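Quick one: structure below, then a few questions.
A, B, C, D, E and F are the chain letters, set down in written order, and residue numbers restart from 1 in every chain.
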Amino acid sequence: MRLLINKIILALSTLSALIGLGFLGWILITLFIKGLGSFHFSLFLNDLIDGGLRNLIIGQFIMAGIAGLVGIPLGMVAGIYLREYGRGRYANTIRNLSDIMMSAPSIVIGAFVYAIIVIPTGGTSGFAGAVSLAIMMLPIVINTTDNMLSLVPKELREAGIALGASKYKVIIDIVIRAAKVGIMTGILLAFARIIGETAPLLFTSETSNYFTMDLTQSFPSLTVSIYDLANEPEESSRDLAWAASFILTVLVLCINLTGRFITRNKNK
Amino acid sequence: MVMSIEKFSFTYAGASAPSLKNINMEIAKNKITSLIGPSGCGKSTLLRSMNRIHDLYPGNKYDGKIKLLNEDSGKMENILDIKKENDFINLRQKVGMIFQKPTPFPMSIFDNIAYGLKIAGIKNKTEIADRVEQALKDGALYKEVHDRLNKSAMGLSGGQQQRLCIARAVAVKPEILLFDEPTSALDPISTAAIEELIVELKKDVSIAIVTHNMQQASRISVYTAFMYLGDLVEFDKTENIFLNPKEKQTEDYITGRFG
Amino acid sequence: MVMSIEKFSFTYAGASAPSLKNINMEIAKNKITSLIGPSGCGKSTLLRSMNRIHDLYPGNKYDGKIKLLNEDSGKMENILDIKKENDFINLRQKVGMIFQKPTPFPMSIFDNIAYGLKIAGIKNKTEIADRVEQALKDGALYKEVHDRLNKSAMGLSGGQQQRLCIARAVAVKPEILLFDEPTSALDPISTAAIEELIVELKKDVSIAIVTHNMQQASRISVYTAFMYLGDLVEFDKTENIFLNPKEKQTEDYITGRFG
Amino acid sequence: MEKIFQKISLSSASLVFVILIGIFITLFNASKPAIDEFGFNFITDARWNEEVPLDDAKKAPASVEINLDDMDFASNDEILLDDDMLLDESGDDDILFDEEDSQTKTVYGGLIPIVGTLLTTAIALAFALPIAMGIAVFLAEIAPKNISHPVGIAIELLAAIPSIIFGMWGLYYFAPIVADLVGGYQVSLLTAGLVLGIMILPFMAAITRDSMNTTPDVLKESAYAMGATKFEVIKDIIFPYSKVGIIGSIILALGRALGETMAVAFLIGSIFSLPQAINDPTISIPVAMANNFGEASGLGESSLFYLALILFVISFGVISFAKLYFLKGAK
Amino acid sequence: MIQNFRQSVDNIKAKVIDIGQGLLKANELLLEALQDCDEEKFNDARNHIKNISKKTDDIDNEIIKVLALYTPEAKDLRGVVAYLKITNELSRACSNTRSFIRGFTEVCSDMDVNVIKEYAVPMQTSTVKAIALIIEMFDIEDADEIKENHNEVLIEESKTDDLYEMVETNLQTLASESNEFGKYYTMLRALRKSGKIADRASSIANLLVYRRVGGSFHGV
Amino acid sequence: MIQNFRQSVDNIKAKVIDIGQGLLKANELLLEALQDCDEEKFNDARNHIKNISKKTDDIDNEIIKVLALYTPEAKDLRGVVAYLKITNELSRACSNTRSFIRGFTEVCSDMDVNVIKEYAVPMQTSTVKAIALIIEMFDIEDADEIKENHNEVLIEESKTDDLYEMVETNLQTLASESNEFGKYYTMLRALRKSGKIADRASSIANLLVYRRVGGSFHGV
């Protein structure tokens, strides 16, 4: 009887795993077939106005890059505070708030940036888009740093201190180094996540059909454009959306795999 | 005598009762002194007071005196008076520490040892290289690692890591080395190697070691302190503690009839 | 004799060389047999073969025979022939195991012990309650926990947790109990309590224990096997191993001159 | 040096606090007009962007929430005036014209998107939960290493795929099939919920598997060593042991589903109507914002901010609850 | 420590006491025998100290086993090491007793019983007392009490010394008077054994004090 | 094990050997002294075995310290326990040597040197050989070699036994002839000491074999 129940349950869970994997496989296959079908190398050479994606890809990267430049150092230093200096209720509150912020709906962050930047400056801009992405990234980096630092045994810090190093030196020379791989992986994953974000950009950066480097104007965004294109009635627009999705997915997966590769290499 | 602990009490932050009560003992020069006692007796707490590593965490309370010999002036100075960051750093360079788990820094074997030297203000590259080599030899590790000094220290075995940590601590030429159960995470053979090393080290440095392995205390130390519930029950030559303990509590612990 | 190991070899999945080579030894009835040797000598691997817990992970290879006494028929049956899930379950109920780290299940103290009984098919509530109580008494734990049987087992101290695990294993009345370094995570006083308990248990059950604490092996066991690099170097009465070892390797290990 | 470093790190950390407070205040301020206008009745009002006579505008909410006191009415009146001026500036001709003869008023109520949000989330969880557990159990305990490892990585990678792609796939490939099977619209509560479920599936499965993997091997071994079957080990040891982590993963997935915009935007239909059946189209808060923010102004925009505030508060509440639960569980 | 250890130590102690009691019994019987030169009693006495070396070897082996298996410390260690030395003393004391018996069976055959009574009995009485005292000591826990016993043993031992000196002078006078030098000489020699037994007893008392009180191994 | 331990054990061993060599030297000098009844050499011999009990007590204390501090096992344990027993044997052998010397200074004063030479010298030669053999044994590592030495010691010991029996008969004849019973008797008694020394030597040999080979503590 026990053995029978055992068999049944195990079969059920294998089955559900197969169902779940089936769906996910279906999505990937669709994406690859449709994406590769519409993919052409000229997409990288032309801007959207000419039926290409060049400006969108570059725009997306610029916004994510600026977000990273702001969010990563701030997040890391904040994470260091939480794990190394913060004590008692204040640090705990910050930690909890940061976790909550990480799960805050991205569209709400978009709305926030809309209210504080887009309305006062009178229009959507690449700058506003970058800010909303930075806000999204900040808690992820904080969380990653905090968690990775917590994996560093306290003896390692004490050993540094016992050797006569001052605390910040111990943190920079030893603790961060010990957590380096984990933090880098975490940051890469955070970057992969924000580069695929659409919702906070919808009404902060919007998108643009033209190539621009002017951050004070509506800025080209790959994801927002995918949304727009997918909702166009013409087949050609949708095909372009699929191609863009394909490129976006490949990008995100590459960043992800890089992160994994680093971790694995280090563990060896 | 390089350290003298007088009427020392210690209370952890937020604790209502002191964890150490009126401890009086000393660390003899170039000798090994061990601290034994059941878990929670305060032996680690006492050891960690000797270089004030407790001060990493705020709010702990000290009482009494812990005097450290100033080799230059020949005077005993109370380390509990230290307030300035700089003096803490000096203290910890004088009183090194080795922990239960090996704590190699995430850098190369060479850099692990050079790190302490650089902190101590040594900049001359040749001098650093020489002292790293010497430290590795002192740590009985040079033979095993001399061909991979630039490899990560994480790749060493547990016993080697611990010897690396000892070498690292020795490199800055401390006056006292504190060992906090240095072998309890190691197998018997690595343990034997570390013990041998510790005995070797006492030529140059005075040693205090916390161990929950009584046999270890008996094997290597000249003086032994038995602690129980925050009290120093008995402090005497090791042979007396193990052969003719004066206190019944000590005797019961030593003979295993404890608790 | 309740278990006889004959020409036994063991190769881990994916390993090119066997981890155990041609082991011959036996477990005597109602006696304590200990396995000692340096880290990596295969003592744990051998112990874990005795209830085929290795089979949780696929691809390992057995050779030779491990025969277990069938108390009903009086015959020795080779446990390496077992293939069916059901027989595995039977085997493991006959040959219990206690691990290095205490492994209380995430449930109440009572349920921890009742769990094994329920698995063994006992449904009668009163019987379960009785046997839980008896097991706790056998585990020398009843006095300490009888007023909080419904509290989580995670709240117990390390030593208590380990005794709970022993009680849990004893509850299903196994014929053999395997201990895999049961005290290496505990302080000396808890260790003493566990040792006392193990010695007490041998009245009802045969015991094999892996330990890297030689003194522990000498204190409690009647037979001792010394292993090295996957070989069984010497298997004899404990006093002979410790007083008159026949092999030089054993002697060197015992006297600490090893390696 | 030490002090400076400490100060910098403290201020960076405090930034989180500042931003969160900032979000709350900004959203509150921006939605202030709508809050003042509609009060808490906003939540129960199913009308969005409907012009109603002023009387009705007052009555409708009153019919739902009878115990409004006079003070509320008074304040409503005052603000109505401000509102008119605001509308003036925006130059909405209709209202200007109608102002004199028949007093009409545009009413915004949040009930439909709120219900839409909650229902899609509920459907998504109901769909994803058993499958995610199945996957996690399969990966952690059933599959041999050479299968569980690549599949595990695949699942984690899928969790990283941008949500917009789930939306597109759902709209063009999944919804037609569901509609064929169940009937009704292709864009509906059901398809949106299912696609949302598929989207959070890998996320949930990955975290659940991770927390199941934290169960120490010895603990499992000691259960097997007592003769337990695999299922018994999973049920009695692994699940209780990783309970906190698993519930955490569910709540995190819930938070994600609540705030998800793009996957839902393609599929929910974006129609402000209360769904009568599970396969009716409707709208959710994020979708309402995504689709209408650009064009909205005045009270409409303020109402969208009000929706954002509500969403923020709900997700804040859910996560805080989870945090509290964690703390309890940890103790 | 663990019950196995306690058992082994108790077992060793019991065996040591057993030999001690054999020694006591033998000396008591000897004392009685001296009163009337009862040869049967001499034989009886001998029976109580048979195979001693086998027994002490056995004890020594057990002690080494305890040292190898249980690594005793402090009191326990002092105990087993003291026993290891005590077995030597006991076996010497027993062989002295045997010599004594042998000597007196010879003396009895050609000596006046009254002479024996007058000289041998007081000495042997002290010796018996000394042995009885050390056997008590095995079970005394109180440190002061054990030291007191030790002192009493020493007193008995010095009594035998004094008595022997007295006896020696007296017997020499008797010998020179009677010119039966050989006969008296044999008796003196035998009597000296009694003194030696008392001497061993005081060594054992020393060791037992060490076991209980510690300090330096020899010489309290 | 650790160097402290090795040092202590080596130290103990050195001290034991030191006493052994004193014993050997004393007996060698004794042998030479017997050749010509050289009183100075007798005194010389005595000087080599002075304060033995202090020395053995010292060793015993060190052994106990080793047992308490280093918990030796196997060979090491057998070694220190053997030494603990050997100190007893050595101190007995030394006191026997002293008695021997005392006896012969007496004998020499009124005995013909040739008689001494004829009877005492061969016996003492064997005894000296036996002692020399055991001192060699301390440093022999090879099990077979040590057993061989042990056998040789036993042979020397039984030689002394045989010689003593021979000497006894001869001297008794001489005594009855000369009617100087006392004089010969004293010599016999002194000679018996030489046998006893050899006896101790064989015990020590036993213990040294045990140290190296193991087995049962006594009696190989």
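In the analysis below, a residue touches a chain if its C-beta (ideal position, glycine included) is under 8 Å from a C-beta of that chain, and two chains touch if they have at least 3 such contacts.
These numbers come from a predicted model, not from an experiment.
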Please identify each chain that touches chain C as well as chain F. B, E
For chain B and chain E, the touch-path distance in steps comes out at 1
Shared numbers divided by all numbers used: is that above or below half for chain B and chain C, i.e. same or different? same
Furthest chain, CA centroid comparison against chain F: D
For chain A versus chain D, what separation do you get between their C-alpha means, in angstrom? 19
Which whole number of Å gives the spacing of the CA centres of chain C and chain D? 53
Round to the nearest whole Å and give the separation of the Cα centres of chain E and chain F. 25
Distance between the CA centroids of chain B and chain C (whole Å) is 36
Per-residue overlap in chain A, given as positions that touch at least 2 other chains: 2-3, 6, 166-167
Residues of chain C engaged with two or more neighbouring chains: 85, 119, 192, 214-215, 218, 242-243, 256
Hunt down the residues of chain E that sit against at least two other chains at once, touch-wise. 1-2, 64, 68, 71, 73-74, 77-78
State the interface residues of chain D toward chain C in the complex, per the touch definition above. 144, 216, 218-229, 232, 236-237, 240-241, 243
Chain A residues touching chain D in their complex are 2-3, 5-6, 9-10, 12-17, 19-21, 23-24, 26-28, 30-31, 74-75, 77-78, 80-82, 84-86, 91, 93-94, 96-101, 103-112, 114-116, 135, 138-139, 142, 166-168, 171, 189, 192-193, 196-199, 202-203, 206, 223, 226-227, 230-231, 238, 241-242, 245, 248-249, 252-253, 256-257, 260
What residues of chain C sit close enough to touch chain E in their complex? 192, 195-196, 199-200, 215, 218-220, 238-239, 242-243
Residue ranges of chain B touching chain C (in the complex, touch as defined): 38-39, 187-189, 192, 212-215, 256, 258-259
Given the complex, residues on chain C that touch chain D span 51, 53, 56, 58, 85, 88-90, 92-93, 96-101, 103, 105-107, 115-116, 119-120, 165, 168-169, 172
